[in-house]
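Both complexes shown next keep subunit A, but they swap its partner, so subunit B is in the first and subunit C is in the second.
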Partner chain A sequence: MSTGFLQSVRTLFALKPKQKLTAQYLLSLFAAVALAFLVGAGIMLLCGYDPITCYAALFKGALGKPRALGNTLAKTVTLCLTGLAMSLAAKAGIFNVGGEGQLYLGGLAAAVVGARMNGSPAWLIVACSLLAAMAAGGAYAWIPGALKVKLKVNEVVTTILLNSAAIYFCSYMANGPLKTAERGIESGTDSIASYAAFTPLIRLSNLTTGVFYAAVITLLVWYLMTRSTVGFEMKITGTNERFARYGGIRADRLALWGMTLSGMICGVVGLLEVFGLHHRFMTTISSEFYFDGMLVAMIMRYQPFGVILMSFFFAILNIGGSAMELSAGISSEVMLIVQSVIIFFMAAEGGISEKLRAGAAARRIRRDARRAGKGAAV
Partner chain B sequence: MSENAPIVRFEHISMQFPGVLANDNVTLEIRKGEVFALVGENGAGKSTLMNLLYGLQKPTLGRIEIKGKPTSPHHDPTRAMAMGVGMVHQHFKLVPGFTVAQNIALGMEPKKHKLFYDQKRINAEVTELCERFGLPLNPQDTVGELSVGLQQRVEILKALHRGADVLVLDEPTAVLTPQETEELFQVIRRIVAEKEMTVILITHKLGEVMRLSDRVGVMRRGKLLDVLNTSETDERKLAALMVGREVLFSELREGAPGTREVLSVDRLSALDDRGLPAVKGISLTVHEGEIVGVCGVEGNGQTELTECIMGMRPQTGGTVTLNGRNISRLDPRQIRAMGVSWIPEDRLRTGLSAQATVTENLLVGKQRLPEFSRFSLHYRKGNARRYGEKLASEFDIRSGGLELPVGSLSGGNMQKTILAREFSFDSPVLVISQPTRGVDIGAIEFIHEKIMEKRNAGCAILLVSADLDELFRLSDQLVTIYEGQITGRFPNGEIDREEIGYYMTGGR
Partner chain C sequence: MSEIFNILLVQNTLRTATPVVLCALGCLMSDQVGIMNIGVDGMMLMGAFFAVLGSYLFGSWLAGILFTMILGMLLGYFYYVFSVKFKSDEFIIGVALNILAGGLTVFLLRTLFGVKGSFSSPRIVPLPTLHIPWLESIPVLGPILSGNTLLVYVSWLLVFLCWVLLYKTPLGFHLRASGQAPEALRASGVNPDRMKRIASVLCGVLAALSGAHLSLGYLTMFSENMSASRGYVAVACVIFGGSNPPRVFLAALLFGFIDALGMRLQKYIPSDITSMAPYVVTVVMMVAVVLLKRRKPSGIKPAAQ
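This part shows the complex of A and B:
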């Protein structure tokens, strides 16, 4: 819970779910990205590196080879699903900051089911693991959701706190009661049935058949948020909760369901990590993946389509950053700075452009009034 | 300075907020040593004028002089205080965990050796201050444990401690009990008589004006209508000035109201957002084909009353009955399902979602009908669009496009959007609050016709309004509400405007 967490919470209060993606906002976003790259270039120059070489290495490292592209796409999937999980809840007017814990629990549940069912047909294992992961993540998100809806307990606080509880619980299980008997494994559960694991789509890359599950979920979430009656009600609730209640929409139920679905998606992300990459539950299955996803969601104002695109961009920065470190020699932390600068500008965007607009309006009013006053005096 | 020299002078003050002219060419002189009352309905511009004096906002046009000196172009509360102006707001700005003395000293604490906070000295100073102005208070009490009246006294002392000799009190009695009000008045009289203070009182309670003030200024819609010597006027005259407006419209009523009771409220009580009693045992009945008009100066419990009926606010006592069924514990969705529609007074907070489109706002409440939702799952956007177009043309909603956010429409068109949606349910019961506030004359006429159509078709309508003309024109029955209680019930036509103004301000 370090930088990612802090950034998330700060940004949370700056980027409101009410705002829409307007042309003007996208323009600001573009400007912020350009500025951030310039800042990054400045730092590279200061450190004695050639920015052009570095940036070339970045994009080549993220997209240049099939394997790199596969890794970038795999990262996109994670960011996209976590981002959508955040968006879904936020659109219904409730903030899920606890996705990290839900992800861990989902991963653990999937790993346990995947290992215990060894011998069953692969499709059955995957189906049961999916159910288990969704149940674990969803149930864990339901707790703060219900607390919020029934008792008005602030969900930001509870979800943050529940993160630690889940992560330590999973860590204990992986090191204690559920620790595998296999040799050479420091901490982790039994490995899942090997024939049920997702197979890589591109050799040696992290991109596996799991991407299809992710695609289905993405499509479903996109449909739910933008094309369904529930999505309509979510939009009304998210933009004016009081109006929604007044209009007879069950805002409470929407928020609770938004939260639970969000947790279910996080659980599936955990499953994807287990079935795609590690083939068992380990405490390293996530390193603040959910917080990265949250940032993407907030920057794109919780619009599903925007989240998908932005995930890809952030994945390039993430995967390309490591490659750049290897080939150009500059630390990949530079890319963290670039990301932070983008977030910084986007968090300030609302305030800056509002201030500009308000200033212009005030000037106009004063000018008009002065003119009217003069006219009357003459 | 001579006896009647102006201590504060407003010269041709105009204050433009986006869309509202809050002050319109106000010229006003406050004399030294007087109690000046500024009266008017909510939104008349009286608080705005005083905020300008205290430097919370800058006037768009005009100038302000305090004790003969014009205010600086960068006038702000600090500068206002330095010129001797203090203001006590409706909502106190105190630190609850601090003592009385600490609150009064806050921001200008005495120091020991230029470094340490000198608790003893500030206690002594405050004790001395209390004695000088005759306001007994224990400097070491914790403010959060004091009654509201005493907290207000701390606020007044805070202003006096900073050297204020012009004291602005914004609705000072709104939160006080009658006894506390009485004490406050004694305090005001004392500081004015003995210490040459000038007090400006913002209020809409005319009884207080008559008892306390030397002169009174009446504001309506940003304009200062008149300044009168209190001794030469009376409550009725002031009430007429405050709310009066000529009737322009023709009679629309057809037939007599029915006799079947539809909506009845029995000894209802509820709290406001601050947790103070706002509705205190209100009973009223609406029959079919009848409009019951609730008249009262705003902020006397009308908002809470309608919110209670619609299930948006928990009630602390009493019952609401609809067609013989108790609906006190139901939520807005259930109450709507029983055939009640509601036009709330607060368009953007309750009646609309500003960021959602016009069509979406028109559709809310019907989104789950099969026409707009296939299997309660798929939002049928095309049907929604056509439906929106139909309603918009029926109610003459003018917009740049129905896919634009409703917040981009003018006030009148926003109001028509709400009206179109609520009337489209064909509910037999309507609760309508402030249907024409901030709406231009043409739209008012249209809205009145639509409401009357519903009444003539047999709907039971509860109409809450601050506009007396509207109430006289539309209502069959009039009830007056003051401080959360019904003060009078009259069949329309058996009471005149002046008399009703008297009931509205707690006259009887």
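This part shows the complex of A and C:
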């Protein structure tokens, strides 16, 4: 384990991941991004805005000031962790669409434990909250996972429905039994001890020491998926399930574990939001963060390294979008449209490039035939 | 008790079930030809917006419905092109469509109407309510069956029509075959892709109509994310109704009942808990269906030696 682990760290720093993101795929990605930006520019023109000003405001708003950069990096962390959670489950052969609910429950559990332990040393509070968040998120993911593995109940639908259930449940808890007695707080649980909360790394930004926890998780997931036996088993099951079964790999157990771990990561994302930003549980700790991360994972084909890079790009669009709304005046939702266009094109990437190739081949054949015909006539 | 369980509850059940019924019928069409359509939730949301837009611009509910149906056709065709022609992952396309719907409707809401959150105006003309005189005279059934908005009746009719289309017509046979045995269908001289196109466009129209019921029938306004995962509930209904229109209809009615019951119980139970109920019950139902199927002996008996 130890040499393998060191080696993997070295590989990570050497930035030479061996992943199936082929050059052709990356080229398509650039094309899709360019096309999506063109679509966005078209919408801006239609609404009477200057695309260049808007896009300049977008990038300036995301990267221009240290504070903005901090916010973008914090968003990257969220997207990256949720994306990895999705990837982990998907690689294990199961779809976790319920990360949003797991995130809420993880955040609630972390906030409750964090507030109850007021007075204990900071490290103990963080450790216990971490355990609570992982337990809550993991358990909530285990349910649809077990239903899928044991009873073959479609996990995509159950996880989506459980999202709504968890969000309503957390809303009930935060406004009902667990509502804080503090004055001036409309809804939310008691706040955690201020000394236990993560401290900002860049002044006034959302980037906190929580990023180190995220880094550890990212490293672990990356190791698990690409360098460990479990990762190898996942790879085999993914490519050829029958072969994997003959090799003695239990696909159902793998799927259940993948789902549970995925839920645990989502729970930790909830904790990061609570300890880093709000310092208490509120119903606004996430607004479909998991879905953004999930899509990042999908278009990067569940490759951890790609997910990390793409998270940064999507974070720019997300954080920059709000800044663009403030300075250029166009509604930030235009960036959601741009994002979905990227996703549409990347999902259709295989089909479209196949069609293009087939079209080119047909043209070539026709041209050759014409030439041959001319030759015969002369 | 009589305060909760009365005729109003039945009326509310029908009213809240209708969008799910329409959406589930669309999803079922798509499911029959072998396309999993997770994107119906987004189609519903966009349909709700365009129904309001049409009704607002032309001052007529008919224009709203027309807008919605055209949009639905386009969305259905779009889904077909991406999932069948470009062979994309249906799941990704569906989720992306839902995100697009969320972004686009909010964007249009702000750009066209300059409001955030929700839009209502006296210029939006809602769907008409139908009063059927001879039905209303029947003691209990009368008030339940009469006085609903137009799309409620349309949805009942469509359940029947979908069943007839799928199981009693040659076209329905081809539709089902394109999902179950596309190669056999091709061999018999029918293009399975054409069947998939028809079903996908139908799915788009039905899902968008369900949105029109939300924004012009159930309420007379559009609000952000007003579909509230109802599209996913419809997908769940299709799964445990086994893609059979009458059974899917019953499943959707059950959802509507839980939803309506929850709304009436809000006096006694916190609203968050009652809002949670339909989703939890749907999941429990999905599990129950599997467990019940297990206990029943399968229809195919091993051949006698």
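Structure notes:
Basically, the second predicted complex is superposed on the first by the 333 of 378 C-alpha atoms of A that agree within 3 Å, B and C clash if a C-alpha of one lies under 4 Å from a C-alpha of the other, contacts with A are read in each partner's own complex, and residues count from 1 in each chain.
Everything that follows uses one rule, which is that a residue touches a chain if its C-beta (ideal position, glycine included) is under 8 Å from a C-beta of that chain, and two chains touch if they have at least 3 such contacts.
As the structure is a computational prediction, the values presented were derived from the model and not from experiment.
Between subunit B and subunit C, the partner in contact with more residues of subunit A is C.
Using the contact criterion defined above for the overlaid structures, shared-chain residue A:Phe232 touches subunit B, although it does not reach subunit C.
Contact with subunit C, but none with subunit B, is seen for A:Ala165 once the two complexes are overlaid on the shared chain.
Of the two partner chains placed by superposition, only subunit C is touched by A:Cys47; subunit B is not. Of the two partner chains, subunit C is the only one that A:Val156 touches; subunit B does not reach it.
Look at A:Arg245: by the touch rule set out above, it reaches subunit B but stays clear of subunit C.
Of the two partner chains placed by the overlay, only subunit C lies in contact with A:Phe344; subunit B stays clear of it. When both complexes are aligned on chain A by C-alpha atoms, no subunit A residue touches subunit B in the first and subunit C in the second. On the side of subunit B, the complex with subunit A involves touching residues 12, 14, 16, 18, 60-61, 310, 312, 331-333, 336-337, 342, 344, 349-356, 360, 363-365, 367-368, 372-373, 376-379, 381.
Listing the residues of subunit A that touch subunit B in their complex gives 18, 20, 227-233, 235-236, 239-240, 242-250, 361, 365-366, 368-370, 373. Within the complex, the subunit A residues that touch subunit C are 43, 47, 95, 97, 147, 151-154, 156-158, 160-165, 168-169, 171-172, 175-176, 288, 291, 294-295, 298-299, 331, 333-337, 339-341, 343-344, 347-348, 350-352, 354-355. Against subunit A, the residues of subunit C that register as touching in their complex are 38, 82, 85-89, 91-93, 95-97, 99-100, 102-104, 106-107, 110-111, 228-229, 232-233, 235-236, 239, 270, 272-273, 275-276, 279-280, 282-283, 286-287, 290-291.
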